Amino acid sequence: MKLVIAVIKPFKLVDVRDALTAMGVEGLTVAEVKGYGRQKGHTEFYRGAEYAVHFLPKLKIEVVVPSDRAEKVVEAIRTSALTGQIGDGKIFVIGVEKAVRIRTGEADDNAL
Amino acid sequence: MKLVIAVIKPFKLVDVRDALTAMGVEGLTVAEVKGYGRQKGHTEFYRGAEYAVHFLPKLKIEVVVPSDRAEKVVEAIRTSALTGQIGDGKIFVIGVEKAVRIRTGEADDNAL
Amino acid sequence: MKLVIAVIKPFKLVDVRDALTAMGVEGLTVAEVKGYGRQKGHTEFYRGAEYAVHFLPKLKIEVVVPSDRAEKVVEAIRTSALTGQIGDGKIFVIGVEKAVRIRTGEADDNAL
Amino acid sequence: MRRTTVWSRLIIIAAFAFVSAITPALAQTSKIDAADTAWMISATALVLMMTIPGLALFYAGLVRKKNILATMAQSLASVAIVSILWAAAGYSLAFTGGGAWLGSLDRLFLSGMGMDSTNTLAKNIPESLFMLYEMAFAIITVALISGSVADRMKFSAFLLFGIGWLFLVYVPSAHWVWGGGFLSTMGVLDFAGGTVVHLNAGLAGLIAALVLRPRRGYGMENLSPHDLSMAVVGTGLLWVGWFGFNGGSALGANSRAAMAIASTHLAASTGAFVWMALEWWKRGKPSVLGMISGAIAGLGTITPASGYVLPWHGIVIGGLAGLVCFWACTALKERLHYDDSLDVFGIHGIGGTLGTLLTGIFATAAMSISSEMPNGIGGVLEGNWNQLKIQAIGIAVTGTWCAVVSFVLLKLIDKSVGLRVGIDAERMGLDISLHGEALQ
Amino acid sequence: MRRTTVWSRLIIIAAFAFVSAITPALAQTSKIDAADTAWMISATALVLMMTIPGLALFYAGLVRKKNILATMAQSLASVAIVSILWAAAGYSLAFTGGGAWLGSLDRLFLSGMGMDSTNTLAKNIPESLFMLYEMAFAIITVALISGSVADRMKFSAFLLFGIGWLFLVYVPSAHWVWGGGFLSTMGVLDFAGGTVVHLNAGLAGLIAALVLRPRRGYGMENLSPHDLSMAVVGTGLLWVGWFGFNGGSALGANSRAAMAIASTHLAASTGAFVWMALEWWKRGKPSVLGMISGAIAGLGTITPASGYVLPWHGIVIGGLAGLVCFWACTALKERLHYDDSLDVFGIHGIGGTLGTLLTGIFATAAMSISSEMPNGIGGVLEGNWNQLKIQAIGIAVTGTWCAVVSFVLLKLIDKSVGLRVGIDAERMGLDISLHGEALQ
Amino acid sequence: MRRTTVWSRLIIIAAFAFVSAITPALAQTSKIDAADTAWMISATALVLMMTIPGLALFYAGLVRKKNILATMAQSLASVAIVSILWAAAGYSLAFTGGGAWLGSLDRLFLSGMGMDSTNTLAKNIPESLFMLYEMAFAIITVALISGSVADRMKFSAFLLFGIGWLFLVYVPSAHWVWGGGFLSTMGVLDFAGGTVVHLNAGLAGLIAALVLRPRRGYGMENLSPHDLSMAVVGTGLLWVGWFGFNGGSALGANSRAAMAIASTHLAASTGAFVWMALEWWKRGKPSVLGMISGAIAGLGTITPASGYVLPWHGIVIGGLAGLVCFWACTALKERLHYDDSLDVFGIHGIGGTLGTLLTGIFATAAMSISSEMPNGIGGVLEGNWNQLKIQAIGIAVTGTWCAVVSFVLLKLIDKSVGLRVGIDAERMGLDISLHGEALQ
């Protein structure tokens, strides 16, 4: 199995989830993160003080899928999260050795 | 070493932590996440508007342990996080190549 | 490529980011997490009630880098996140099979 | 470019007003009552509190996190700008001189308003206090509109709209109904602003919502409130402040003020209860948002009637308010498919109209006795069907004028500075994109 | 099923009251003082502000995030429902007619309350105002109880309890002490509600907490407050509102009101200071929760005494309040092992009792002079030990009645609709499970 | 060790004061006006509301999440401690007896203050009310200072500083300007506290900020506010409360109070508008923080003038306030490199000074007529250049004394208990490290 990690723009979550469910991915986990990269932040003023905000709000999606579907999932996320503008984010794929569904104890592919 | 990732129901954190410390796991990291899966969410009304809430609050526990203990840790988490109801969550195991304790520079198993 | 995960003390973020950009790492993702470990928490009183707070606020930095640079990155994080006091945190390295830049579709090292 | 336009306009208005401030001033004196003054100062403070922080909290509590400060900014700016313009010309045009259509220029920049001055409309308190009290009404009316355009209107556009709307809609209709204008001569009963405040704000809000078109993601994305507890706090302050709003409209510390507060408080309570009950029955759960919506609906609806009805009428009126406004914010809104973000129309527009009509039904002679009306005026319940007709006319006139002028104003602004922020700004949230700051 | 029960009961009550509203009405007239009216309107607004948003914020700031809206809902619903019932029958039963046990039905649905009506208990202000002022007291007393049952009581059960408790406990004891009932004839001194408000609410809260049993995880899990800053804001509004609560109980704009406010403010300050000092000394750190707890303790404790004592007595009484309530919320609570979620008993129950006793000690003849008591009444400090005995009787009677009736009521509701939410609902939080909404 | 020092000192002060409370008491009686009393009670409540919850919210909304409760704690503690000390000796030393430098000890622990007592400075209201009203001023002045030292000062050190500063700076300067001291005899015009409140607090804040040195990370890390919406709410309450602050300084329910409120409200509005406009022009975006900063600047600046000028003067003064304070909080602050955390100096210090000078320019004879000044006093606009000189002297005297004493006090405390928390405590946040609690 593979763990597909995608850092995307927050407002793209719905599109990505729909794309994934459309291809039968039944579950995923999302976390609010802050991202630093080529996309420049903005400057905030507070009376006399000026602060450059480099970290931008992003969402990190984590989804574990059977190895053979990883390719498709990555592609689905890429297309659904795409705006074409800087800051769209990244997708990373990592190998997963074991998966367990807590409720049933089912393992690996059956756990997903 | 293995990175054990567990997505559990929030109110199970204490049980899981106790189970892990009981077996000598001295550290772990927790993050608040939102989960999407078979467990259905609920509907919220705001005057005329109706919103279906699909993402439910979950906790993601990350703990790195020596390879030989991974099995036991997974089992400990599974039993302590179990309620038997849908939405109990998942456990994933991933290989870790290197671990370092920042304070001391100790590496790998000694760093845990 | 390698995914370098570092759990650090919140106020060290700026130092770490500077150390990484200094060595040419152009992007990273940060998440607010709570950590449990050797560093002891504190006790909070609320009128009659007394609560022991074991989980301390930490930041989790995730950065994916070309395999050959992983060593240096780990070292850079270690030195920049170091205070020498308990609770400084950990660094973990995990193998990444694939990376994609959503905006361009560039893959692997070019995606970073 | 855009900004220059904004300023140039502001400057023109200010300049104009200042010049004309040189006109000779009049000073009328009369017997000022200390007790009435004591209560009216408190009432004025209460009505200002309704906008800041009351309304600012109520509205901010209903939007998403990224728009909380921008929403509050609209209430804050309404206070700042309306106050200055009210002193410059608004008060004079609305409340001095008895023209049928508009007041006089005698008090431009409050010229000639001295220590002993009083206004013939309130001989028992200092004119400066009367001016302030009415100012607080103008402020909240403009601020109320911001709820309809929340999450998408340009701050500059809102300011321009507020300025134009104050002079072209609020000031005239306040004069017609309260300043001795033709509607008051006609006998329209509007104790504290069913038409002038609530109908006007609600209708302007609806027009603005329609012209601006729905928020991005409306109907698809989850646009639910970030922190409803802020809205609850705002409701509390609005409710308490309404004692000054309706009670203060008696312009003195007397039984009428107390009676108005009694019917007001009971209407708010019943409105909250009915809306809660309806949700419980239809959706299985009584929401906090429902309770506060019902309370505000009850308060807005009783407003025009409060000084003319018996306390228990407040229970009936509040109950109807909860029922009708609940229907307006759910069934009606769904049918018509407009995105009035915070339901200013569904609650204030509908409530103000309903209340103005109900005033024609429940008005009680014994309660409405005053120097102008020695025998008081009764409504349908006392056999006077004519009053209901008069009330309807008042609604029709005020509503038509408000709708037309608001529409034209919005179109003009849209063509010039533009009404709506860009899609990226809307996505990022107005706090950052318009004001360069955000909640963390 | 459950809901129907709720509604049917509400309807019955309403119906009953309405029918009897046809009884002939009496209208007494007398000299209304404008200045007193001015202050009492403000005082009424202040006391309403104590509940919304004051208490709503104070309590919401002490619970976990998932229960914030549900906690506010209880304050909101208390306002809505108590107000309607107070107008329907509560006021009439508590404050009209001089029966030893209960008032009359003369003012059901406020029938016969006209412009010039006054109540013999407050001849100088409009009766409608007196009714509203006392209404605000009834509201906050019921709302206070919600703190004890926070995080676990069904909303429907709370409403039913509030309705029953209002008529069976609050109304009678208000009549006994303030409405000319047997306790006032006996000479019990309770200026603004040590027994009627604080002892009653605190004791009912304790009983409810015991019957409901502790929150899930009490003693094991971390149940600490989500956002204490809300509680601080609530405390500020409660403190300021208390000027109307104690100062308004003078029922006029006079020295007595000012003196009552002086002792009240000093008691709050000293209570806050003492609690802070105790925590600093015993725990090494002075907590903000400690300061606000001490302030509320001081305010609750001075309440019955405020109109009868000298300003500096306020310092002594406030100091004792901080000391005793701190002990009650820590040592005592620990020993007795009950889960009174927000310490309504430890602060209001204990404070109200303590204050009522201290009134018997510090009462000063020179301060307590009034039309009813031309020579005023002194306490132990002025050699009148008997007063202390009378105060104790007042506490015993009020407390016993309150405890017994509250217990029976709770048991009845438990058997019918059930008092407590299910375990899943409690875990998910009451905001979502009971009201279908939540903070984000 | 540290704590003991704190307590021992507190105890000594209390003890001393109590002993001397045995001095014979004087009781003057005179004609108390109910209407004036009605308004002044409300005004007192409004001014207390300015500190809690007003200022507590305003300041808490400008700090980082980890310091929100600690910031509120400073406002709360100011209320508790200043109130007690004011009753103990502050009031007596500031407002009784006509010494040129200091008042008398006649009212230690308010001894002799009876039902009918009045103060010669306010013969128309109960002395207890006058004492409370002035108490609220002392409270907020001390609380204001906390903004300068936010995020780094020890709670114990702040308390000690507050206690010393109250008696050594506030009490004397209040006596000089308002209590019949030499500055009032000299003719300094300060209606509601340009020197006594704002200049004093702002200057003390600046000194404290300098002595404490900047917050860790100042200039490097992002120290931006956690939740500006709290600051907006605080601003609303401060604004409304200011009606009591400036309007109440007329000490009665009269035209002067109304006029003072008119100029006050217009100054706040213009200040907010100007600051907003400046930011829009210089930075491209009008911030909410800018608007509220301008409003507070306008309010602080009009304070000394409010009772002596015409309403439209408020617009001019408020505009200048926005302009000058914006410059002070940006350009000036940058040049001088001090870390006055929440700009108490830039807004209150500069605003208070500016306003006191402008009072010497805009003072209008017709407005300033009073029993003491039968013909009123005009300023430069009416040809009286001398008044400007007198105002300058008032500023110089108050400022010098405040600066010197504040500096010495701070140094003494630094040497004894220490002023600043350790670096770890500062990093962890004062909520946890000083008070053992935190927002979640």
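We just call them A, B, C, D, E and F in the order they show up, numbering each chain from 1.
Throughout what follows, contacts are C-beta pairs under 8 Å (C-beta built on N, C-alpha and C of every residue); 3 or more make two chains touch, one makes a residue touch a chain.
These figures come from a predicted structure and were not determined experimentally.
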* Mind listing the chains that sit against chain D and also against chain E? => B, F
* How short can a chain-to-chain path be from chain A to chain F, counted in steps between touching chains? -> 1
* To do: Report the chain pair from A-D, C-F or A-F that duplicates the C-E interface, where duplication means over half of the contact pairs agree by residue number.
  => A-F
* Looking only at C-beta pairs in contact, point me to the busier pair out of B-D and E-F. => E-F
* Asked: Where the centres are mean C-alpha positions, what is the separation of chain A from chain B, in Å?
  -> 18
* To do: Provide the C-alpha centroid distance between chain B and chain E, rounded to the nearest whole angstrom.
  => 46
* **Interchain centroid distance [CA atoms averaged], chain A/chain E, Å** => 52
* To do: Provide the list of chain C residues touching at least two other chains, using ranges where the numbers run on.
  => 31, 44-46, 94-95
* Structure fact -> Multi-chain contacts in chain D, i.e. residues touching at least two other chains, fall at 33-35, 38-39, 42, 224-225, 233, 253, 283, 285, 287, 289, 436-437
* Just spell out which pairs of chains touch, all of them. => A-B, A-C, A-D, A-F, B-C, B-D, B-E, C-E, C-F, D-E, D-F, E-F
* **Residue ranges of chain F in contact with chain A within the complex** => 222-225, 279, 283, 285, 287, 289-290, 293, 329-330, 333-334, 343, 346
* **Of all residues in chain F, those that touch chain E in their complex** => 3, 7, 21, 32-35, 37-39, 41-42, 44-45, 48-49, 51-54, 56-57, 60, 68-70, 72-73, 76-77, 79-81, 83-84, 87, 109-111, 113-116, 125-126, 128-129, 131-132, 135, 155, 230, 233, 253, 434-437, 439-440
* Asked: Once bound in the complex, which stretches of chain D touch chain A?
  -> 220-221, 427, 432, 436-438
* **Interface residues, chain C side, partner chain B - complex** => 2, 6-8, 31-38, 54-55, 58, 60, 70, 74, 77-78, 81-95
* Where on chain C does chain E make contact in their complex? -> 44-49, 51, 53
